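Let me give you the structure first, and then I'll get to my questions.
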Amino acid sequence: MGRSQTKTEKMVGLTQVMENEAFMAFASYATIILSKMMFMSTATAFYRLTRKVFANPEDCAGFGKGENAKKYLRTDDRVERVRRAHLNDLENIVPFLGIGLLYSLSGPDLSTAILHFRIFVGARIYHTIAYLTPLPQPNRALAFFVGYGVTLSMAYRLLKGRLYL
Amino acid sequence: MGRSQTKTEKMVGLTQVMENEAFMAFASYATIILSKMMFMSTATAFYRLTRKVFANPEDCAGFGKGENAKKYLRTDDRVERVRRAHLNDLENIVPFLGIGLLYSLSGPDLSTAILHFRIFVGARIYHTIAYLTPLPQPNRALAFFVGYGVTLSMAYRLLKGRLYL
Amino acid sequence: MGRSQTKTEKMVGLTQVMENEAFMAFASYATIILSKMMFMSTATAFYRLTRKVFANPEDCAGFGKGENAKKYLRTDDRVERVRRAHLNDLENIVPFLGIGLLYSLSGPDLSTAILHFRIFVGARIYHTIAYLTPLPQPNRALAFFVGYGVTLSMAYRLLKGRLYL
């Protein structure tokens, strides 16, 4: 009985949260940009395997024994570049997730909210392209600051007049 | 008066969110895996102190003065291994948190949702064991890809037919 | 019609979530500490530009051609220090965000919850000051462990008697 009652109440709560259009939009864009970030792991793995560049002895044990395998324990420009892009993603997507979630629940104007999410996702995808190609500066710097500005704009709108300290 | 009124309304909102069983399950598993990730900081500190391997001059000031202390500013295989495991956790647990939160609120089938959370948490714990022991490959690679697949599966279920762009 | 109906329902849902005082307080403190973390990116960029220390060839192309530019591809104690502080922020703020969000929704005592958030934010700001100045140890270590303890305390309160596995 406890379970079925809970089921009904759950539906009510879900209707409310999932019919919040700003939240639904945030959920979609957040999932897209997180999937993009996860792709960076695959890119790192791809370059490590094709270029035979490893960080752990056990990873290149299949390429030879002892000293022969150790030569693959090295760093590589290409791999380090992907790793920097990945870390930059983490540093910027984590604030977007936290601030964007709270912003989307704070009753923002729907079209303003969607504009924020779209620009952020576009800027971060362009940042990855600019980093991995690599495109000449200031392509990557601009992509970075656009995403940064979007997050700050959401933080400002969230705190303005609603600060609860 | 404002406070007590709010209190009542809060109870209503909380009843709905906290009786959402998929969300409750997500909350439990997310807390467990984040606590595991926090343990990595302790592991790094443990190896830094027992092996006297530091990144900052002020950290080893207690071990000697001037040049004598500087010799502890070095890197160490064991410490770097823990730090790589920690960074890999961050890179994988952040998408799980974001996508899992939204997935758990999207009204998933409860047993499917719990299965996702359980496999992810198990895979990441095994990943840490495989990284720190270290176990021979493909132990760590498999643990990584299982966790990765679980997150992608939640992202797919979340976006399927619900995309709001 | 669908849109306006949703609008009304949204208001109901938002009233409940946004009148949850513990959640409102969490939103404020989380936004503050995430904004602080974002400041670390600016600090890194500032030191990279003023000290001419870059990680990517395209970043220092404006300072000269070919070999002349390559000499700026180097590491620098100051830049590495900011980057370590930034990574430490990520490693600690991500668990705070995840566990704190769930904790704030779990119906905690309001003054206890605010105390947790305040101490965490204060400890992390002090951690950054101690790292960047740098202050002698154990300033930074204490700041770290205070923030760490706050997050563990929230995790404990969240899991205690509510575990849903």
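Here the chain labels run A, B and C in written order, and each chain numbers its own residues starting at 1.
Here, a residue touches a chain if its C-beta (ideal position, glycine included) is under 8 Å from a C-beta of that chain, and two chains touch if they have at least 3 such contacts.
Molecules present, by chain and UniProt name: A, B, C = Microsomal glutathione S-transferase 1.
Just so you know, these numbers come straight off a predicted model, no measurement behind them.
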item	value
Interface residue identity across copies subunit B, subunit C - same or different by half	different
For subunit A placed onto subunit C, the superposition rotation in degrees, Cα atoms, nearest 5	120
Gap in Å, rounded to a whole number, between the CA centres of subunit C and subunit B	15
Subunit C residues counted as touching two or more neighbouring chains	16-17, 21, 87, 90, 94, 97, 101
Subunit A contact footprint on subunit B (complex, rising order)	15-17, 19-21, 80-81, 84, 87, 90-92, 94-95, 97-99, 101-102, 105-107, 131, 134-137, 140, 144, 148, 151-152, 155, 158-159, 162-165
Footprint of subunit A on subunit C - complex, ascending	6, 9-14, 16-18, 21, 24-25, 27-32, 34-35, 37-38, 40-41, 55-59, 61-62, 86-87, 90, 93-94, 97, 101, 114, 118
